[in-house]
Every structure is written in structure tokens, then in C-alpha cells.
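Next up, some structures in C-alpha cells.
Presented sequentially are two complexes of chain A, the first with chain B as partner and the second with chain C.
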Partner chain A sequence: MLLVDLAQSILDGVLFGATYALIGIGFTLVFGVMHKINMAYAAASVGGAYAALRLITLIGGPAWASLLIAAAVGGLFGLFIYWLCFRFIPLSNPLATLMSTVGMFLLAEEIIVHTTDGMPQNYPVVVGGILHLGEFMIRGDLVFVFACAILAMLILLYLLYRTKLGTATRAVSQQPIAAQLVGIRINQVNALTFVVTGMLGGFAGALIGSAVGLLSPLLVVPLTIKGLIVTVIGGLGSIPGAIIAGLLVGMAENVFQYFRGVTERDIYVMLLLFIFLVFRPGGIFSTTVKRD
Partner chain B sequence: MDFYLGLLQIMGVHTLLGLSAYVVLQTGQVSLAQAGFMAIGAYVAAMLTVLAGWPLIAALVVASLVAGITACLVGFPALRVHGLMLVVATIAFTEIVRLFFFNFDYQISRGNLQVGPLGGEGFRQIRYFPENGWTTLHVAVFIWTVVALVMAALWWMDRSRAGAVLRAVGEDEIAAQSCGINLTAVKVSAMTAGGAIAGIAGGLYAHYTTHIEQSNFTILLATFAIAYPILGGLSSVFGTVAAVIFIQGFLVEGLRFLGDWRNLLFGALIVLVMNIRPSGLLDARTMASLRRLFGRKEG
Partner chain C sequence: MKSIFGGVEEDFAHSRATWYAVMKEVAAKEGFEVKGEAKWLLNDTNFTNQAREARRAAADIMVISAHPFTTCGMLKEMARQGVAPKLLVGLTSSSSLETLQGCAKEAEAIIIPTSFAPVTPEAQAAADNAAKFNGSLDLHSAAAYENVMILKQVIESEGIMAKPDTLQDDRNKIRAGLAKLQQTTGLLGVTKRTPDREAIKPFLFVHAKAGKWEVLHNPLN
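On to the complex of A and B.
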């Protein structure tokens, strides 16, 4: 029985971990291209989900449409963040953009609290139902979240490795000066990276909303922390790393919760991060990462 | 009057917190662990005065030592990584400390009262100041005396060889290393000093609020800790004080008449300041012209 319960919590964790992977990809992509960290990312993602929820309750429509709206709004937020926190600040000063995105984080969180009076908002069910597979129960909404996250990752990988835009993005991330010399507009590529990651974030925020069943400002800080942990465990700038690490963190979280309860589980997730920092500071897929 | 004295106390503790991050930032490291060190200092100092009946100064010294030693121990593994990795590692540390105190119970009965930290409910009844007849004025003066001492020590350090070494590591690690500077030793010392200062800040904080709980010591507090020196500028300790007055005095208290909008403005103003003055309010050039203004040679 213990084994079944354990396998069940691993399964649930891996399925939900897909959303952490999406948030981690957002952090890692911006880091890969600009060697900067966007602290406001998770806040903007949850903000995109909120905006989509507001719109869908206002004009009505199927629940799945909220996912697409969230992606669109998230992209817009990404562009805002780029213009307000990166575009006009000298990039040679790593502290300045760190601080400006922290300011943006506080602003985004505060806007969310302000417009909803701090009350959690119920998120409509996109896909419900429970699948019974022998002794296991598979929650339909988690499977849906997982499938959507994988789809979003595939689209992203296609964009990055099969299109001209993706080639330009990777060129900037490898050698900004050489990229500039061959005629790539760095500012444009940076802005587009923020739009793409913003869309990914908004989509992830809506997925999390539909899996948890509600949106709350309290999601923002844990999501930021989990996203950053995923980024570091996966290796800075590594997209496959972020995907694996996201699933791993989701799984670890659920397993620790099963053994030690909900108040202690995050301690062990953080300790997992420290183990990685000490023994594998480059992340799962250690590459020669240029450091910030 | 008590309101302004209370504000002075808050500013004093936040100045100490900012200075603890200032030392670490001098070496180019962004540490969000300061809230964790402050939590350790707060709980240790409060447990010593409440549970063991120690005098305040001795409790503060021990709290500062414990926080400093913790910082030293955390420093060794954490400083193997740089930049973003260190930010994430120190965030994780602050969260670990917070969650530890969330699960930490240690109560003894004193009279007919249970005192001591109690998990999520926090640590109530830290009544050292009222029990010993300290007024708000006494407390404010005491806190600012400590702040003045720490500031004087850091101001002196900035001008000594130690300050030059810290800045050298902060400006360019490879150049500093090739001058024969031991990077690990310098970074761990800065981290230890920062932890010790944050421990004092925590001890003072616990005693003037009389009630601490884990939710006081979140990532948000750690963010404030690095926000003060970054917003104020890293070229002088006075930048940190200026930023504390700007944030706690102007943004938090001065804009209270704006009600809820104040919080919205808060994040927006940080974004704005970083766009206009990316090196902080009192950056190196401003400090130099200020020095000229007061008729001193730059040096």
C-alpha cells in the first residue's frame, strides 16, 4: 500500500511539475539571452492569468480560451517589463536590473492585490474527471496541464531551433557582439525573448490556476522561488535542463510532502538545491555557462 | 512624539539590515540571506533574555556571534557560486531558516505563563524593555547608538586597506586574485561581517516589537535589505542611510495619506529610480561633488 501511495504522489508531482518547468524555462531563456535575471517573471505570469480570468468572466466564453488569453496578455506584460526594467538601464551594472525587476515584482503583486482586494479567485475547470488505472488515480486536470505544458515546450523548441528568429536568439545568447556584427538587432531580439517568455509564463500561470482551482496573490512568491530553483538545478540557460529539473522538483515536493507533511516539505526542496549547488553547481546538464 | 520615536526605531533596525547587505555587496555578491541571519539573531537574542534572563547587551553580542558563525558556515558552500546562483542559494537559505522557525517549538513556563517560540504562532512576550523600565526614547537612543557604532566601523573600514580589498574583489575578481588576494577568504569574511550585523539588527528588532514570528523574516525583508544599499549607492555608508530614510520615511510613512495607492507607488518608484540613477541615489560622482562642496580634496 505504501508503495502505491508513493508511486501515486510521484505521479501527481511529475504531472504538476510541468508548470514549474514552464516557469523555469522563462527564467532560463532570459538568462541565456541577456545574462540577466528577471525577478518579476513569475509575478507577471500570475498577473497574466488574473487578467485572462477577469476577461473570461467579463465577456464569457469557454474555459480553455482563458489559457490563450493568458498567453497573449503575458506576452504583453513581458514587453512592458523589458521596456521598463531593461531597455534604458545600462546592462553592465548587474545590480540595477536586478533591483528594477524586484521593483516590478512588488508593483505586479500589489496590482493583483489591489484589483482583487486580496481575495483568491476561483478558476474555472478546463478539464475535469479522474482516470482510474488499476490502483492508481490519475487526475484529468493534471494530465491536461502536463499535456499543455509539453505542447508549449515543443512549440518553443521549434521556434528556437527551426526558425530564423530562433537562430537569431541563440546567436545573441552565444555571442552578442558577433551577432550584432552580422546584422542582428540585439534590442529587438531581447524584446522578442521577453514577449515569448511572457507568453509562456502567462500560459503557465493559467495552467497553474486551472490545476489548483484558484488564483491567489500568495502563489507569486513560492512560484518565483520554485522557478529559480528549477533554473539553477537545470543549469543556467539550459532549456532541457529546466524541463527535467521542473519535473524533478515537482516530484520531490510531493514525495517530501508525503513523508514529512506540508509544513516541512519546502525545507527539503531547498536542501535538494544546496546538494546540487555543492556537488553539481553547473546544474544537471553542466555546460560551460558564462556567469552573470 | 512616540510615533516619530517608533519610526526612528524602525529606521535604525533597517539601517543595520541595509548595512549588513552593504558589506556583502562591496565584494560584488548579492546575498538575500540577510533576512535569515536577522531571524537567527532575533530568535537567539530573544531566547537569551526571555528564557535565560540574560542582560540585553550580552544577548545581542551572542546573537551577533551566532548569526556571524552561521553566515561563515553558509558562506563556504554558497560562495562557490556567483551571480544568479548565489541569489538563488541565499533565497533558499532564508526560506530554510524561516521554515525552521515555523516548525520550531521550545517553551518553558515562567510564573503562570508559557514563554518561548511556538511554531507558527511566533515568539510572544519579549518584554525586556518594559520590564526594565526603558521608555521609547531610551530604546530609540540605544538603537541609534548601535547604528552609529556600526556605521563608524564600516566608514573606517571603507577607508582602510580592508575596504580597498573588498572593492577590488567587487570590481574585478580575476584582477584581484592576480594581486594575491585570497578571494574565498575575502568573500567569507564579508559574509561573516554581514551576518553579524544582521544578527544585531535581529536582536534589536525582537526586543522593540516584543513579538516575532517566522512571517517577519521573508524574502521580502531580504529584498529590502539589498534594496537599501543598491538604491542608496555603494560608494558610501551614507547612501544606505539615505535610502532607508527615502524608503521608510518618505515612501512608507510620508505617503500614508495616499492609502492603498502607496503600495502601488512603492514598486513603481523603485523601477523609476533604477532607470534614472542606475548606480544609486548617492553614486560615486555625487559623493565626489558633495565632498568638493564641503571643501575637501577628493581622496
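On to the complex of A and C.
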């Protein structure tokens, strides 16, 4: 029974880690392009899911439609965050955008609390069902989240490496002045990056709402922390790294909880982060240890 | 029903105290077999391990000592894993609209001891007033309502003047007036005080039925 439970814990953790991966991809994409952290990302993602849930409740419609609505609203939020927290703020000051997005994080959280009276909201099941394999149980919704994370990675990699927008984005990321000299509009590319990551965030927020079964302002802080951990472990700017790190963190959480209990679980996850920061600061897929 | 299993929000003082210091101890004293407890934290979203522990325990009674967000998360995971105890008991602070907003279907039949339900004319009137402003009077807001009424009572009985030159005097009078109180009248009846000023309030049991809280047992009757 011990081995079965351990295997089930690993499986559950890996699948639940897909939700962390989706949030991590958003953090890492913005960092990859602008070399900035958008602290409001998870808050905006949950905000997109809330807006979708409100709309679906008001006008009716199937649960899966909430994913599309959340993506659209998330895109708008992304643009809004770019304009308010990055566009007119000196990017040369590393603290300026960090603080502006922290402010946006708090604002988004407050808006959620005030519009919902802080009440948890039941989120409809988008993909349900449980697959029973002998002693094992596999949640259909988490498999769906997992598939979505992989699909999101493939679409983003395609966008980045096979389209003009991707070429422009990479050019702005690597040599902003040279990119400007060849006629690339930096602000437009940055804004589009925020729209794309915002859409992914809204979609992720709705998927997380469906996987958790609830939306609550209490989701915002843990998702932000998990997103940041995943971004660092995966390697800042690495999309495949974010996916693997998300699954790894999800698994580590469940396994540490299984062996050491819930009160020690986060200590070990933070220790994992610390180990990566010390021995592999470039993240999972970095080839060399780049340290001062 | 002979066995009991707990689910406890480990990082919240009153959730812990309710399970470890009250329910678990009393259950053992009353002859129930305590089959252990599953633990989680206030912000947790994944309850797969905990629901599995509950499934393995297969206790007759499941007690969840947690706030609505994680109570709902755990109940949903229990439903997914087919954990169906004969009796489900919740924590006092979950007997609010939040639980029903979050997981009415999964919380169906959960029984919770609480300090408020609109079972007296005064309580019904206060609940109706709150509803007029789109509010929902529950154990938390009812306690706040009662506190305001206690202050009103003290202000009236102590002759508070509420003028700029009586400010300090008024403050002292309110403190003295509150310290003097041995009992107060709440929405459900008389609230008494222990020597260390803890409130002993009337209570009742509610259960979730078709998305609403209904009174299951009213010791006031």
C-alpha cells in the first residue's frame, strides 16, 4: 500500500503541477522578452477567470466557454498591465516595474475581494471524470490541464520561432536598440507579448479554477509564489523549463507532504529552490553554471 | 457510528484547537475510535493525499475543522475519490454563505454547530434588515451586530455625552460600562461571561440542505 500511495502521490503531484507550469510560462515569457518580472501576472490570471465565471453565470453557456472568455479578458488585462506598469515607467530602473506590478497585484486582489465580498465561488467542471487503473486514480481535469500546458508550450514556441512576431520579439529581447534600428516597434512588440501572456494567464486561471473547483482571492498569493519558484527553477525565460519545473514542483510538494507532512512540505520546496539557486542558477536546462 | 476521522487546517489556531483540544479529545472520551486526521494549510488547493487518507481511514464520522475555502476543496476531492462518511461535521465558521457559494452540492448534509440562525423574532428581524442591503447575516456578522448593540446599551446606560470636552470621560465610562457587564442580550438570547470575559453564547445545529442552511437542532426550544 505504501508504494501504491507513493506512486499515486507522485502522479497527483505531477498532474497538479501542470497548473503551476501554466502560470510559470507567463512569468517566464515576460521575463524572456523584457527582462522584467510581472508580479501581477497570477492576480490578473485569477481576475480573468473571475470575469469569465461572472459572464458565464450571467449569460449562461457551457463551462468550456469560460476558458475562451477568460483568455480574452486575460489578454485585455495583460494590455492594461503593460500600459499601467511598464509603458511609461523607466525600464532602466529594475525596482520601478517590480514595484508597479506589486501595486497592480494588490489592486487586482482588492478588486476581486470587493466585487465578490471575498466569497469563494464554485467553478464549473470543464473536463470531469476519473480514470481508474487498478488502485490508481487519474483525474481527467488534471490530464486536460497537463495537455493544455504542453499545447501552450508548443504554440508559444511556434509563435516565437516560426512567425514574424516571434522574430521581432526575440530581436527586442536580445538587442532592443538594433531591433529599433531595423524598424521594429518595441512598444508594440512588448504590448503584444503582454496580450499573449495575458491570454495564456486568463486561460490558465480558468483551468486552475476548474481544477481546484473554486475561485477565491486566497488563490492569488500561492499562485504567484509557485509561479516565481517555477520560473526560477525552470530558468528565467525558458518555456520548456517552466513546464518541467511546474511538474517537478507539483510532484515535490506532494511527495514531501506524503513523507514529512503538510507543515514541513513548503520548507523542502523552498530548499529545492535554494539548491537550484546555488548549484544551477540558470535553471533546469542551463548548460553551464553561470555565477559571479 | 463508532469511528471518527478529522480534517484540520493546521496553520490556523482556532481550526487546530477545535479539532485537537475539543473534538478529538471529547470523541475519545465518549468512546469513539479516533482514526487520526488529515492536515492541510489555509491556502492549499490540492487535497489528493488528504482525501486518500480519509478514504483509507473509512471512519463513520468525518469532521472538517477548516475555513470555507479549504473545506470546499477537501469536500470536492472527497467526492472525486468517493469518500462518503455516514456523518459529516464542519467547523462553526463554515456555517456561512461562503461554504454554500463554494460547494453547496458537496457540502449537502454537513452538520455544523453555530452561534447564529434566524430562530428568534429578533434574529429574524436582524437577518431581514441585512438582506435588505444584499447582506447575509451569519455567525460572524451576527456577532458584530450584537457587539454594536452592546456598545449602544453601554452608551445609553452610562450617559455618554459625545461632546469634544467629554471625550476622555466618555472613553473611561465606556470601558467601565463594558467591564461591568455580566451578561448581555444577543439575538438568540442571553450571552453570559466567564470570569476571564469569554462569551458563553446560545448555540444550535444547522445542516446544509438544498443549498441553504437549515436548523437541525435548536436547544433553545
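The criterion applied here is as follows: the second predicted complex is superposed on the first by the 286 of 292 C-alpha atoms of A that agree within 3 Å, B and C clash if a C-alpha of one lies under 4 Å from a C-alpha of the other, contacts with A are read in each partner's own complex, and residues count from 1 in each chain.
Criterion: a residue touches a chain if its C-beta (ideal position, glycine included) is under 8 Å from a C-beta of that chain, and two chains touch if they have at least 3 such contacts.
Fair warning: this is a prediction, and the values are worked out from it, not measured in the lab.
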item: Contacts of A:120 with chain B and chain C, given as first, second, both or neither; value: second
item: Chain B versus chain C as contact partner of A:221, first or second or both or neither; value: both
item: Contacts of A:94 with chain B and chain C, given as first, second, both or neither; value: first
item: Greater residue coverage of chain A in the superposed arrangement, chain B or chain C; value: B
item: Touched partner set for A:106, first chain B, second chain C, both or neither; value: first
item: Chain B versus chain C as contact partner of A:137, first or second or both or neither; value: second
item: Which superposed partner A:68 touches (first chain B, second chain C, both, neither); value: neither
item: Partner chain in contact with A:263 - chain B first, chain C second, else both or neither; value: both
item: First (chain B), second (chain C), both or neither touched by A:8; value: second
item: Touching partner for A:186 - first (chain B), second (chain C), both, neither; value: neither
item: Set of chain A residues, in rising order, touched by both chain B and chain C; value: 221, 263
item: Residue ranges of chain A touching chain B (in the complex, touch as defined); value: 31, 37, 84-85, 88-90, 93-100, 102-111, 113-114, 221, 225, 228-229, 231-232, 236, 263-264, 266-267, 270-271, 273-274, 277-278, 281, 291-292
item: Interface residues, chain C side, partner chain A - complex; value: 10-11, 39-46, 48-49, 52, 56, 68-69, 72-73, 76, 80-81, 97-98, 101-104
item: Parts of chain A lying in touch with chain C, wherever the complex brings them together; value: 1, 5, 8-9, 12-13, 16, 118-122, 130, 137, 139, 208, 212-214, 216, 218-219, 221-222, 250, 253-254, 257-258, 261-263
item: List of chain B residues in touch with chain A within their complex; value: 25, 30, 77-78, 80-85, 87-89, 91-93, 95-96, 99-100, 102-103, 120, 218-220, 223, 226-227, 230-231, 234, 260, 263-264, 266-271, 273-275, 278-279
